[in-house]
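Order of writing sets the chain letters: A, B, C, D, E, F, G and H. Residues in each chain are counted from 1.
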C-alpha cells in the first residue's frame, strides 16, 4: 500500500485549515473527520498581534501532522525560500509545493514546479507537488525524487470536482508505484469517493469543507466518502454493463397468469 | 426528515439478498454494512429441497426488516397476486412493486405500475414502486397513495450509475414531501453518494455489492458513501464556481523577490 | 431509410415557427436552412386583427409542409379536439401530439399521450407523438399505430441538449423500424449532431434558433449539424479507444539522435 | 477573425493524410470536404521504391497548403532537425510541432515543446505547436512567438472527443487573441462542432476520417460539423436554462374543456 | 341571443354557426370552430344551431414549436 | 385426481388444499399458495377444494434484489 | 539604522538579526526569517548583521489550504 | 568508403554528399538530408564531404496526421 514518505495514514483525507468560521469549528471539523494531516501556511507576523503564535498553539493542540504549503508563490525562488522557512517553523521535511502559474485558475506552473522540486529534494525536503494530470511533468517530478504527486481535480476553490477523469485515470495507470493525491477543486463527497475509486491514495481539500453551511458535518461526510472510495477500490467493483441483468433469479418464478 | 411509511431508518442503504457467493457472505455483508432493510422475493418451493425454508431461517436470524419484491412480474395481475402471497409469507405490508415492461432494460411499465399500485394500496399495502424519473407517473403513484417512490438510476444490474441526473434532480424538486430512493443501476459508492447529495432519502442496490470481488467490503463502502452523501446534503454544500479562489489567504504574504 | 408517414425528407431538421424577432427573420431562417417541415399551432382568432390570417399567408408563401402541434393541451380531450381543428385548418393528417403533464418541465403525460394517440390514429391522423425515452410508452404508441416517435432531448426551451443519452440510445436500439426524431431541449448544433449520430432520423427544435442572437445563421448551423450527424452515422464511425494510436506511421522514421 | 500566420482559411477543418484505404480515397475525401490544409510528414526514402515521390506527386496534384508535422519526435533535437528538413522538402515555413513525451498517450512533452518552439521561431518557422490545455505552457509558447496553438482534445487516434472541456474553455478565455485549433482525439462530428462552439478557430484530425467505414462521407460530415459549430458561435447561442419555457405562446389558447 | 365567443360574451342576432361567423366578421377567414368543446367541421356549420350561452371557439393558424 | 403443482403434474388423493399440501410434504413450511392464479390465504386453505387439473402454486421466501 | 520589516520601514538601534528581533518584540515567538529574499536560519541569526535598508521578513504559522 | 544510409551500411565510391545521392540513385528526387543528425541543406550538399561511417538520412514526403 502506498505511504507518504514512509508514513502510513489511516485516514486518507487531508484538510486545509483556512476559511473556517472560527478556530473552534476548524478544530471540531478536524477532530470529527479524524484527519491525521492538515495543511498550513506562513504569513508575516506582527509583534503586537502575534496571530501566528495563536494559530500555532491551536495546531499543536490538535496534535496532527502538518503539511506546510507554499501557497501564492509564483516563482521558484519564492517557493524555495518559503519552503525553507516552513521547515524551520513547522519542524518537518514535508512541503506541499505550489508554484502558481496563472491567477484566475491558480494552475500550477509545471516548469517552475519541476525546477523547485529538484532544488528542495536536494536539500532533503519530502516534496508533495501540487501539479496537474500532465504525464511528462509527473515523470520529471518523480525523477526529481518526488514520491507523492498531487494533481488537481479542478481549480482551487471551484468545487467543480474531477474536470478530467481520463487524465487522472491515465496518471494512475502510468505511475502504479507513486502515491497519488487529488488536491483541490472538489466540491462534494461523491467527487472524493470517485477519486479514490480511480485508485488515488488520498484527497486533499479545504474550501468545500470550510465554506459549507456546516463545516463539521461536511468534514465528516468527506472523511466517510474517502474511506468508501478506498474500500470500493479494494473490493474490486463489478464491470459496468450496457444491458440490464435481473438481480432476482428468474428460475422457479411462480406462474400466475 | 422523510420516513418509510412511519419507519425511521438510521441507515439509508437497503440491500438486495441475491447473487452473493454464499449465505454466509450475504449475512456478513449485511451485518458489516449495518443495513436495516433487505429486499427478498418469492419462488416455487420444493417439498424435498425446501430451499426457501433455509433462506427464511437465515433472514429471520438476521433480524432485519424485509422488503419483498415482485421481481419478474410483467402483468398487473401477477404483481398483485405475488404481493398478496408475499404479505402472508413475510408478514409485512411493505412491497417493492415491480411491473417490468421490457426485457433488456427491465424498465418499469409505468402504466401497469400505477394500476397495480392503486389495487395494492386499496388492499392496505405500503407500496414502494420501482419507477423511473417520470414526473407524471410519480404524480399518479402519489395520488394512488404511495408515500415512497423508487426511481431507477440505470437498468437493474448495469452498474452505470445515474443515467439521468437532470431527471432525478427534477423529481426531487417536484416532490419535496415524498420519500425518494434510487433503486437499481448503481455500480460504485460515488454513485450512491451522488444520489444522496441530490437529496434522495435512500439507495437500494444488490448487484454492485453481491458481484464485487469482496462483497462484504463493498457493502461497507456503499454504506459509508450513502451516509456521506446524506451528511453532505444536510451540511449545505458550497456553490461550485467557474473560477478559482485561493483557499490560503493572500494577505500578509511575505515578499521574497 | 426511415420516412415520415411515406414522405421522404432530404433535410432532417424541422423548425418551429414561434419566438422569432419578426416574420421576415423566420422566413429567412427557414429558407437559408432549407428546412422542408415547420411546426405550427392554433390560437383564437380576432375578427378585427386577423393575426392568424396573416401568419397563414406567410406559411403558404413559404410553401412548406406543416406539422401542426397541440401545444399547451393538458387533457386528452383538448388534444384531440385541437388536432381535429388543426386538420381542417391546415389540411393535413399530420399532427405533433403534445399532452403536457407537468408545468415546469412541460414533460409529456405518457398516459394521456397513448390514449390520445389511439383516438387520433383511429380517426386517420398521422401522429407524431412528443414523448420521452420511455420504452414501454414507445411500445404502446407504436401499437397504437404511430410510425414516428419524437422523444425529448431535454425540457422544451431549456437548451440543455441530450439529458439522457443512454435512454435515447436504448430507444433507438429497441425500435430499429420506427422513425425517431429528437424533439425539444436542444441548445447547440453539437447536440443535434449527437442525436443524429445516435441513429435518430431527425431533429425538431425552435427556441435555440429563434432566440439566438442571429436566428438565420443559427438555423443554417443546425441544418449543417443535422446533416453532419446523419452522414457520420452512415459512414460507420471508428470505435473510440482508451489508448492513443499514432496516425502518422512510425515505420521508416529517420534516426536523428 | 483569427488567421493562421496571415493566411485566412475558409474551411476550418484540417485533415491528416495517413491511414486511408488508398490514395484515391484520401484525394476524394479531401476534395469532398473542401479542406484547404492537410498535414504531411517525412520518412526515409528508398532509391528503388521511391514511395515518397509518389506521395509528393499526389499532394501537389491536390494543390493544397501543407502543414508538415514532426510526428514521432521525442527530443528537441529530433523535432528541430525534422522541421528543418520538412521546410526544405515542402517549401513552407509552417510546421506542426510535436514533441512526444509519453508512448501510450502520445501526450506532448510541454518542456521540450517550448524549447523547440523557441528555436524554430528564431529560425523563421511559423510554428503550430501540438500542446495540451495547460495555460502556462500556452503562455510560454505565445511568448516564444507562436501565433497558433493546437491543444489536444484527447489522445491521438483515440476518438474520445473533448476529455477536458473546462480546460479547453479556459484556454480560449485566456488567449482571446491567439488562433486555437483542437488537434487530435476527436471521433465524431459532434465533437468537432462542440470544439468550434467553444470558440476554437479550427479542428485538425485524421484517424476519425481515415478509419471510418466510408472516409469520404465522414470527411464531408466533419467539414459540415466544423462549419456548423463556427456559425453557431457567431450566431450567439441562447443561454441554457434549467426549467422549461414553452416555445408555442400560451396566450390565446382555445378553451376546450 | 348571447354566446361566448373565444371567451368573451357576445350578442348575436342569428343562431346558425355559419351565419354567426359571418355576423361576427369572420367571412373569408381560414378558421376552425368548436362549440362547447366539440369540434364542428366547416361542412357542418350550416346545420349547427347555437343556443343561449354556448361557448364558441374560433381558432386560426399561429406560430408554434 | 391430478393437479398441476408448481408446473408439474401430480396425482393427489385428497381435494382440500391444506390436505394436499400435507400429502405433498409441505407440512411445517413457510409457504403461500395460489390456485389457478388466485391467491389463497392460509386461513382459507381448509375451505378450498381443488378440482381435476387445477394449477396450484406453492411458493416460499427466496433471495431477491 | 532603518530597515524594512515585513514591508514597513522601521528604525532599529542594533544590527544583529537576533537582537533586532528582540528589539522589535519578537522574543519568544515561533518565527522564521529572511533577509533580502534569502532565508536566514534561526541558528544563523546571531552571526547575521543587517545593513541600512535591508528587507527583513519575519513570518509565522498561518491557516493554509 | 562505408557509410550508413537510412540505417543500412552501404559502400560508396565518392565522398561528396550530392555525388553520393546520385550514386545511390536519388537523382531527381524530392528529398532532404541529414548527416550524423544534423540537417544538410540541398544548397550545401556540394560542399559536404562524408567520412567513413557517417550516418546519412535521406528523407522524403510521407502521409502524416
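What we mean here is this: a contact is a pair of C-beta atoms (placed from the backbone, for glycine too) under 8 Å apart; a residue touches a chain by one contact, two chains touch by 3 or more.
In this text, all values refer to a predicted model and were calculated from it rather than measured experimentally.
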Any chain in contact with subunit C as well as subunit E: D
Rounded Å distance between subunit G and subunit H, as computed from the means of their C-alpha atoms: 66
Distance from subunit F to subunit C - Cα centre to Cα centre, in angstrom: 55
Interchain centroid distance [CA atoms averaged], subunit B/subunit D, Å: 46
Shared-contact residues (touching 2 or more other chains) in subunit B: 16, 18-19, 41-44, 69, 71, 77, 81, 85, 104-105, 156-157, 160, 184, 206-207, 246-249, 252, 254, 256-257
Where subunit E touches two or more other chains, by residue: 6-7, 34, 37, 57, 59, 62-65
Contacting chain pairs - touch in the sense defined above: A-B, A-D, A-F, A-G, B-C, B-F, B-G, C-D, C-E, C-H, D-E, D-H
List of subunit A residues in touch with subunit B within their complex: 16, 18-19, 41-44, 69, 71-73, 75, 77-78, 81-82, 85, 104-106, 155-161, 184, 187-191, 193-194, 197, 206-208, 210-215, 217-218, 220-225, 227-232, 234-254, 256-257
Subunit A residues within the subunit G interface of the complex: 16-20, 26, 39-48, 50-53, 55-56, 59, 68-69, 71, 77, 81, 84-86, 88-90, 156-157, 184, 205-207
Contact set on subunit G toward subunit B in their complex: 6-7, 34, 37, 55, 57, 59, 62-65
Subunit E-touching residues of subunit D, taken from the complex the two chains share: 246-249, 252, 254-257
For the subunit C and subunit B complex, residues of the former touching the latter: 101-102, 104-105, 107-111, 114, 132, 134-137, 139-140, 154, 160, 163-164, 166-167, 170, 174
